[in-house]
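Below: a set of structures, written as structure tokens.
There are two complexes below, and they share chain A, which is joined by chain B in the first and by chain C in the second.
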Partner chain A sequence: MAVGALSLKHKLWNPEARLAYILLLPAVLILIAFMFYPIVYVFLMALFKTDKLGRLKEFAGLANFIEVLSTKEFWKVTGRSLLWTVTGVVTKTIFGMIIAVLLNVEYRGKKIARMLFIIPWASAVPISAMIWQWVYHSEFGLLNHTLKITGIWSNPPVWLGLPIPAFAACMWVDIWIGIPFMALVFLAGMQSISEDLYESAYIDGVNWYQKFFYITLPGIRNIIIIATLLSSLWTFNDFNVVYILTRGGPVRSTDILITSVYKSGFEWLKFSRASVMALVTFFILTIISILYAAIYFRQESA
Partner chain B sequence: MKWKNRGKPLVIFFTIILLLFLLFPFFVMISTMLKSGKDVYAIPPFWIPSRFMFSNFVTVWDEYKLFIYFKNSFIIALGATILNTLITVPAAYAVARLRFVGRKLFLYLFLVIQMFSPVVVVISLFKIMAGLGLLDTYISLIIAISVFTISFTIWMMNGYFRSIPMEIEEAALIDGCTRVQTITRVMLPIAAPGMVTAMIYTFIYAWNEFLFGLSFIQSQPKRPLTIGLYIFAGRWSTQWEYLTTAAFLAIIPVLILFYIIEKRLVAGLARGAIKE
Partner chain C sequence: MKKVLIIVIAVVVVVAIALILFFTLRPKEVEKPKVTFYWATYDGLTEEFRASLQDAFNAAHDDMEVDIVPVPWRGLHDKLTTALAGGKPPEISVIGTRWLLEFMEMDAVEEVTQYLSKSTVDNIAPGAMEAKIKGKLMGLPVAAGARIMAMNTDLTTKVPKTMEELREEAIRVRNSTDAYGIIMPGKKYTELTDFAYYLFAAGGYFFKIEPDGSYGKCTVNSEAGVKALTFMNKLANEDKVVQEGYIALDRVESHPIFYAGKAAYVMIGAWVESAMEGAKSTFKTKYAQIPGFAGHESTSLIITDSICIFKDAKNKEAAGKFLDFFYKDEWKAKFDELVGFPPVTISASKLPQFQSPLYKALGEAALNAKGWPLMDGFAEYTEIIWDALQEAHLRRMSSKDALDEAASKIDKLRGM
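Then we have the complex of A and B:
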């Protein structure tokens, strides 16, 4: 018994462990103060009634949850968030795959093409969103003008002024930003596939789409899973694009969960409502990240 | 997938089409930043400016004092980078190299919190910053940005420390170095590329940050660049020729930094799935 206790103490508090705890201390302290405590406070705000300054008033139990979950608006926004994420990730994956395939061919100028493809990811998201706002401008914007003069679309919509075009326009900007990451990750994966596989396929007279579906895709399966998980987190989390382009308008038609949380808090000062939605967001994000962590650790131990 | 020569012209053709399509907003930016205010609000709009207004650069820099926002963003980004590095390097070394109870838990935790959304906590962070009297200061942004970058940078550094062979470290210990000396004299120089990547990552994150700047900074002269660009947005109309000029200037530094870390960043994000 005594020996067991001693070895337990030794396990927790030997010189090496002590050093580890000291080295981890700054990170742990800052995370507790500015990450965990805020999350706890969000829980509290969700469980209490709050005033216009976000101070806790009286315990409300689940009343705030019931209030938020019983509004139609909440389900609309949540549904839109899911639509946003799924459409976004699928489109990014498709574009990313096409670009990766194109970049996996050797030719002069490939390096430059690669650098140019990265630009949307490398630029600051808020700044890109502002520029897109100008691109989409209905009267003076060059997008609609170019669509008209090239005859691609003679009567393009007022992008940011109407619900459905505005949602599509925001979606596209988010997708546009996310494509390069997908392309680069897929490309890195494709380059790690052994050349021999392609050589023997070549000898067997396999055509290009067979090569793609039977060698390339299975070869980068793990990478596709990791990349789409990461991308769904980022897509779901994308606050900047919607907030800068439309602020959720017109008539809340482009609001997704993440922008609703912010607006409920900072614009409408409904802190309890904002916190309930923040918790829903938190819950969804945690599920995706645990999935990601599980897959990551499984790969590591394999 | 290697295509034999036959397909090459086709590949180049599709690459060019896709690039024209995806870089469209940057063509718009470049066209607009060289225009005069009259050209910007012309109906119908046109691509080539009637007069090339290179003076827009001088106007945004001097008259609109864009350098103030550059300075603010630079201080915030530098501060966040330093704070992040001071916290990250020891923590990453601990999880990568030392044996202690809870090591796996810490790794798991850092991986999961890396995914948290700033929006979820921004309201409580606002209250905390207000309580500490830090609203409207650079420090509030430096702290918030560090908090949201450390888990990723710890992960990245962890990977670098682990890739260093144990023997090198053991040799240093046998030669009489203390643990701390081993870290500073042996491990850090070898892990330098990883450290630079982590630092540039934090710098870029801070430079591009929008949400905390929007929420914590109230006075105009303290705004970071991303929020500062709104000076060109008036109540009735936006001076797009100036906004695009400023945007161009704001993007260039991060673009260059991004190219430096791009490959390592991708490997760091996709981790185990990609062998470097």
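Then we have the complex of A and C:
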């Protein structure tokens, strides 16, 4: 027992560990100040009645949770957020994969193509969203004008004015912005797969689809897990696109949890309600992260 | 390993000492009081004017400076509440006067007159002092203007006397030209202006006004409210005289269609001339009152904005000096001219540029205009009413059912 304790102390307090602690200290202090304190305060606001500046006034226990969770609107918004995230991430993954495969093939102009693909990701999200707002404009917008003059759709919908088209239009902008990230990450993964594997497969006479499903996909499995996890977290919290394009309308049909949190907190100054919704978001994202981590580490250890 | 540790610690200590010495021994500059001003970017207001006002004040004052921060209207309320919640409010900000009660409840604003010179206060038109609450002027009026109707005279010369006449003429224009009859923003914006025009035209209001002046139950579902929304719906979905995709376009996105000469009528504010100048409009306009429905008199919407001084700000005295500077005719009259609002100062209202037909129409509209309800929580009620309007426009609910539901939600939130 004494030897065990000594060994543990040695592990935690040897010169190397001490150096690590010193180097970690600034980051830890910054994390405490800028991450943990706000998170703890959000927990407190959810448990208290607050004033219009978010100051804690009176302990409310679970009353705020009951109030929020008992409204239909909250469950609609939560369901929509999940639909938004799943659709967004799946589509980004599929398109990202196709583009990565295309960018991984040797052809003239590949470098230019790679550069062009990164533009949506490299541009500021609010600017991209504002550009799309004009693209979708029913009177002066490029999209409907193009659809009409080419005869593809003589009577296209008012994209941001009707519930389902508005949701789809917001979704598309989020996907358009997110595809380059997925494509580049997948491309980096593909380039790390040894050429020897493909050459052996070629000698064995396998076709392109077997190569993709038996060499490429397994080779980038971990990268796919990390990329889709990150994309899930970002997509779930994609405030800019929805807020700029529709502000959650028409009739809240594009509101997702993050925009509802913002409206409750900063437009209506109902910080307790906003905190409860923020905690639900936190809870959902934590579960997603834990699930991903479990899959990732199980594969690592296998 | 020990050596590395010692080197790291030594480097950290040396850097820390160097930084401490630098910050303690450097010659100290006397910091000038700085006034931060959240400046709402009104339609028609130019960046050149903002910059020139800031530069002129800073050049004329060695002992203080102003930082005029442009903030779009859409984000101003949120930016202010975030700044207040963070304990770092600006010295002054333009606000919608309807937000004032909320800020007063937060104990965030102070009486402005204590920081202003007597001449500035005396020069404010008494009728513009909507922010005078219990005898204290809590916000200095910066813009006050009623809404009017602008007409493209290339498309119509008819001044409608009633809403019904307006509808007839809008249908005529739509059927005989490729232009729209009337502009109707249908997307959620900061305010509910367009519904207010029709609601007031039918003799309605948002809340019952009790004999003591307080607000009673929500009345958007009154006969007038239902009439207004049904009429709007008819214009948009049956007559189809409003701009295509109206439900996806807010004020900022739909008014350019009028400026482009593609609509006969628009209900608009005083910024119409400067906005049309900016859009290089080539057609002639005429101004008229927003008509009432048959049997109701014309009742416009009047909107006032104010400038508040925030209690927790550092340099309130300097803020007062800046406001004295800004409220001189040289600057304030130019501001009024750009945003198009009738002046709130007595001296500027006598200037020749404010005697045009537009200002005449605005003055007439103000005589019988109603303002927004001055009440806490109106931002959330606005959202609820917007949802009801859109439900009706999308034909998912009847006007009556949608407004009934909205009124009931609002009353419930207000504990009624």
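In this text, the second predicted complex is superposed on the first by the 261 of 302 C-alpha atoms of A that agree within 3 Å, B and C clash if a C-alpha of one lies under 4 Å from a C-alpha of the other, contacts with A are read in each partner's own complex, and residues count from 1 in each chain.
Keep this in mind: a residue touches a chain if its C-beta (ideal position, glycine included) is under 8 Å from a C-beta of that chain, and two chains touch if they have at least 3 such contacts.
Computed from a predicted model, the values in this text were never measured in an experiment.
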item: Side-by-side fit of chain B and chain C on chain A, or clash; value: clash
item: Chain B versus chain C as contact partner of A:Y198, first or second or both or neither; value: first
item: First (chain B), second (chain C), both or neither touched by A:K263; value: second
item: Touching partner for A:Y37 - first (chain B), second (chain C), both, neither; value: first
item: First (chain B), second (chain C), both or neither touched by A:Y292; value: first
item: Touched partner set for A:F117, first chain B, second chain C, both or neither; value: first
item: Partner chain in contact with A:G161 - chain B first, chain C second, else both or neither; value: second
item: Partner touching more residues of chain A, whether chain B or chain C; value: B
item: A:P250 touches, of chain B and chain C: first, second, both or neither?; value: second
item: Chain B versus chain C as contact partner of A:I152, first or second or both or neither; value: neither
item: Which superposed partner A:K52 touches (first chain B, second chain C, both, neither); value: second
item: Single chain C stretch clashing with chain B - from 27-35, 81-89 or 117-125; value: 81-89
item: Residues on chain A lying within both footprints (that of chain B and that of chain C); value: 16, 19, 22-23, 54, 139-140, 262, 266
item: For the chain A and chain C complex, residues of the former touching the latter; value: 15-16, 18-19, 22-23, 51-54, 133, 136-140, 158-163, 166, 246-252, 262-263, 266-270
item: Touch list for chain A against partner chain B, complex; value: 11-12, 16-17, 19-24, 26-27, 30-31, 33-35, 37-39, 41-42, 45, 54, 98-99, 101-107, 109, 113, 115-128, 130-132, 134-135, 139-143, 145, 176, 179, 181, 184-185, 188-190, 192, 195, 198, 202, 208, 211-212, 215-216, 222-223, 225-227, 230, 233, 237, 239-240, 244, 258, 261-262, 265-266, 271, 274-275, 278-279, 281-282, 285-286, 288-290, 292-293, 296-297, 299-300
item: Interfacial residue positions of chain C with respect to chain A in the complex; value: 1-2, 4-5, 8-9, 12, 77-78, 81-82, 84-85, 102, 105-106, 108, 186-188, 243-249, 253, 256-257, 262, 377, 379-380, 383, 386-387, 390-391, 393-394, 396
item: Contacting residues of chain B [partner chain A, same complex]; value: 1-4, 7-8, 11-12, 14-15, 18-19, 22-29, 31-32, 40-47, 86-88, 90-91, 93-95, 98-101, 103, 106, 108, 111-128, 143-144, 146-147, 150-151, 154, 179, 207-208, 210-211, 215, 226, 229, 238, 240, 243-244, 247, 250-251, 254-255, 258-259, 262-263, 266-267, 269-275
